Amino acid sequence: MTEYNSMELMISVAARELKNGSAVGVGTGAPCAAAMLAQKVGAPNLVIVFEAGGVSPELPEMPISVGDSRTFHKAALAGSMGDIMEYCARGFVDYTFLGGAQIDMYGNLNSTVIGDHAAPKVRFPGSGGANDFASFCWKTLVMTPQNTRRFVEKLDFLTTPGWLQGGDSREKSGLPEGTGPHKIITDMAVMDFEPESKRMRIISLHPGHSLKDVQENCGFELLKADSIEDTLPPTKEELSVLREEVDPYRYVIGR
Amino acid sequence: MTEYNSMELMISVAARELKNGSAVGVGTGAPCAAAMLAQKVGAPNLVIVFEAGGVSPELPEMPISVGDSRTFHKAALAGSMGDIMEYCARGFVDYTFLGGAQIDMYGNLNSTVIGDHAAPKVRFPGSGGANDFASFCWKTLVMTPQNTRRFVEKLDFLTTPGWLQGGDSREKSGLPEGTGPHKIITDMAVMDFEPESKRMRIISLHPGHSLKDVQENCGFELLKADSIEDTLPPTKEELSVLREEVDPYRYVIGR
Amino acid sequence: MEPLVQGKGPLFTDPDPDRARRIFRKKDRTQTNKVMNLKKAIESYVHDGEYLAIGGFGANRTPVAACHEIVRQGRKKMGFVGHTATHDMQILSAGEVYDRIDVAYIIGLEARGLSTCSRKYMESGKVKVTEWTNYSLTMRLKAAAMGVPFLPTRNLMGTDTFAHSAAKIVQCPYTEKKLVALPALYPDIAVIHVHEADIYGNARFKGISVSDIDLANASKRLIITTERLIHTDEIKRDPTSTRIPYFLVDAVCEVPYGAYPGTMPYEYFSDEDHLKEWLRKEKDPDAFKFFLKENIYDCSTHEEYIKKNGGTQKILDLRAKELLLFSEVR
Amino acid sequence: MEPLVQGKGPLFTDPDPDRARRIFRKKDRTQTNKVMNLKKAIESYVHDGEYLAIGGFGANRTPVAACHEIVRQGRKKMGFVGHTATHDMQILSAGEVYDRIDVAYIIGLEARGLSTCSRKYMESGKVKVTEWTNYSLTMRLKAAAMGVPFLPTRNLMGTDTFAHSAAKIVQCPYTEKKLVALPALYPDIAVIHVHEADIYGNARFKGISVSDIDLANASKRLIITTERLIHTDEIKRDPTSTRIPYFLVDAVCEVPYGAYPGTMPYEYFSDEDHLKEWLRKEKDPDAFKFFLKENIYDCSTHEEYIKKNGGTQKILDLRAKELLLFSEVR
């Protein structure tokens, strides 16, 4: 069986979530790699949009910025941030891929501060377009390495909405109906959210990882699906496309 | 002294109101002729905007439509209706020129219906952009032939805001501060509005017209300025530019 | 946000963004060949009783061929957005296509005069009316495009236009100023005429955009009629020039001179003689009936209509009148 | 329209459209030659304590030369809109130009990593902060552009981002849905970098517009830096391509490679080596001080800065990396 690293696994698993004929709003790095991989393996009609204005580009390589000139290379439209967010707000964009410094059991994300907002221990970039994408796009996907520092009981700051306090709290908040976190893809497992409580739930384990590992590397109690799958490792095709076409310089998948 | 008709007089008088370095939102016909005349006689830097999106064109001839291709001929910008109305809403447009089927003593205009709105005797085009221009532009100018059918005590329908019910009623209504009707130019006289009551007031009489004529051709009582001027007739230059450059086919000024 | 006052006009469309989102969610994002003839496009996407919007500005970059086809196919009981509706409305009135209308500018053909046919129909009592203004309707489309149920503006207040609208006056939570809240307008179907489009529906046009970008975004279905098809490579070479991306579009119809007898900027100017003939013929019901038979009902295509009115030579004459092509040499 | 909830962050600018209208009313509409050098433009139009906005997207079509000049002239105590502020913010932080900021995206340079200098400054306690999102700031500029005190959106709700914003949640008068009301943002001064402008300020650029059209409209004063001047006849030949009309503009500065070391689409790609050097040097205060002296304080022009970093040959290399120019031949 082919060797692969955990980033290659996460990107491959993430790419499989993106259905052909749907649209995804992505940032730079791993999410963009997953979208590019999906386009080249089974979802040629996946529409990629970048918050700065690029619509459906033919990406010649990984962008360094969601506004750099790669993001509208041979695009259908080089528009505005307003155009992109309006597509999202109107329900045209099916998925978004996000990450963050912290995530909680409801899939809420922190990318703003560690410590008190008035005098932060660490200041992060803030929402950027994450809060917008997570508010408007139908399904939010999160790709992140898993550990107890990242997966926390309580966020220092709720930057980007997941299921908020769980249950029907998201819908009650006023955010568009039918939107919310869909799957969390870590270096150990895939989680979804239990339909009633909206709590994070393990649905699939990556090769070599046990339920125990996953729980030990999480700062809150994870629910477990009735039947837990084994994550399919990256296929030969996924790996070769990822390594040769998507990220030949291994910016994202590393060495 | 040169011969001229009342339309030529009205357009010449109207053109003098448009200061160089200001902006005006106009429609087709006489208002456009006045703006074009102003540009060629003393106000070369008058900016003309058309509600459909044309900004600062070099008009090769009178447009037939405020959206035809003349309205952005050698223009600074061929934009959108939103662009134009946003300039107006932000306070960039100093004047607008309007007309209507009926006008009252506060400069309110009717271009919607004669009779009951539910079952109108006569249906007119409606506001178009008139209500928008009159709401947003600083000064509304009206050019209209004068008679008791047009100048009425009570409008059948208040399409476009003048001073509403007079006094401070316009400002109280919520319309942008400092906007409102400025001058009414008829085929007999020029009127402004008395600062307190905001009632229409004669300030200048055209050659050959008396206060009596003007009042007799008005369905409501007109106020009179302390000193009433004699309207300067069109100059030789105004007439030759109007006849030879602005409206050579006499679409507007007639035969 | 309790409204302080509200207009008494009927609201013909649903401003709810969540219901609209469910429809937009279902729209296919795949790049598929959407080219079809106009007859097929109108049959497939324009239905009795729906709410219709026509792009352009009255008789400028207006999908006239599509208006003829809608009348030819006998659509009825439609809602219509009378947003500077001039010649387009004149055609639809002749077919009595609509029975309710959001009015900003109707009946008139601007400097050309008023349409007897449109006026008679509007005075017939057959049409429900709500009053607005040009900018109000643009903002209503923009609200829909932005996926919000309303947008605030500062026009309309103090007038009967407001009183006969379906708008509401609210108070600003920051400045306490009064503002008009304009409800989002999501047309069921819009038709927009452009200079160039590819087979997927990526479309572009030159000159003023009027309200067509917001209209394209707001409409649940969208038919593009285009002067000519271009290859997708040309779109991808210059994505800055794209005005409408393909995933908003349901059908692409190549209709040369599709805006005739109106103006298509940079292509041909309006046929003023023919438009005058329309206005003249409308005054005599029998003559007008025959005129419509001749020019719409007996034509199977827009090309036939143009042939009857001068054909290629007429088009060349109108191109010579289009100063955006010819101004330098005058 | 009583707010249901409101954020506790400070509102740094006045959303009142009538006060803004009085300022826009005074702007000269005459076509006058506004060409001046960048030093003069920054001296004349950018003042201590004012609220500043920088166009483009972080390190893409960003007026970097203007940011250097603002730092060189020692502007202080400014407000700043951190709307995808990346390299621009990194420069302004080095000069400690701002002491209050509306945050959407700050500190980071996206895939390149985080700026130590920006982060330290943001953690220093010297800067007042209000939280927003990219779209929220775009909408705040659009509200100002539209001359209304707020616009409604459906993001932010339920989060600490909202709690630390200056936004308010209101109820829709049509659907009773909760909406966020975003207050209009009128910057005192904005700088936008473009491909081409004429001497009056008619400006155009290719590629994504990000939020620059709304920014140009919303700003009380506007400086355009341009890769090159073009003749007004070229603007008038193709008014569809104009993005910013002249009467919004106060100064036009011709600054070739004015976005270096960022990307200027269709012209040159970003100088990733130099941007990495910035990030590296920031980690050592003394080295960084020297780096700033070298690259900003001791340069009298942007040209000098580029010369120090490879000059013409570097630019040619970066042009070769710009795939919008070179992709076909790869």
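We call the chains A, B, C and D, going by the order they appear; numbering starts again at 1 in every chain.
Note that a contact is a pair of C-beta atoms (placed from the backbone, for glycine too) under 8 Å apart; a residue touches a chain by one contact, two chains touch by 3 or more.
Please read these numbers as outputs of a predicted model, since none were measured by experiment.
Visitor: Trace the shortest sequence of touching chains from chain B to chain D and report its length in steps.
Guide: The least step count works out to 1.
Visitor: Work out the mean Cα position per chain and let me know which chain is farthest from chain C.
Guide: A
Visitor: From the C-alpha centre of chain B to that of chain C, how far is it in Å?
Guide: The computed centroid separation for chain B versus chain C comes out at 28 Å.
Visitor: When the centre of a chain is set as the mean of its C-alpha atoms, what distance in Å lies between chain C and chain D?
Guide: Computed from C-alpha means, the inter-chain centre distance equals 37 Å.
Visitor: Which whole number of Å gives the spacing of the CA centres of chain A and chain B?
Guide: One centre to the other, that is 58 Å.
Visitor: Find every residue in chain D that makes contact with two or more other chains and list them.
Guide: 17-18, 146-148, 153-154, 177, 179, 206-207, 239-240
Visitor: Send over the residues of chain B in touch with two or more other chains.
Guide: 72, 74, 78-79, 89, 136, 176
Visitor: Line, ring, star, complete or other: which one describes how these chains touch?
Guide: other
Visitor: Give the pairs of chains that touch; include all such pairs.
Guide: Those chain pairs satisfying the definition are A-C, A-D, B-C, B-D, C-D.
Visitor: In the complex, go through chain D and note every residue touching chain A.
Guide: Spelled out, the residues of chain D in touch with chain A are 56-60, 82, 84, 86, 103-108, 110-112, 114, 119, 122-123, 125, 129, 131-136, 138-139, 142, 153-161, 164, 169, 177-180, 206-211, 213-214, 263, 265-266, 269-270, 272, 322-324, 327, 330.
Visitor: Within the complex, which stretch of chain C touches chain A?
Guide: Going by the criterion above, the answer is residues 17-18, 20-25, 27-31, 144-148, 200, 202, 217, 235-237, 239-240, 242, 245-247.
Visitor: Please name which positions on chain B make contact with chain D in the complex.
Guide: For chain B paired with chain D, touching residues are 20-23, 45, 47, 55-58, 72, 74-79, 86, 89-92, 94, 136, 138, 176-178.
Visitor: Tell me, which parts of chain A touch chain D in their complex?
Guide: Counting only chain A, the residues touching chain D are 27-29, 51-54, 60-74, 78-82, 85, 89, 108, 112, 117, 119-120, 122-132, 135-136, 155, 157-161, 164, 169-170, 173-176, 251.
Visitor: Given the complex with chain C, which residues does chain D contribute to the contact?
Guide: Contact set of chain D toward chain C: 1-3, 15-18, 146-154, 168, 170-175, 177, 179, 181, 183, 206-207, 239-240.
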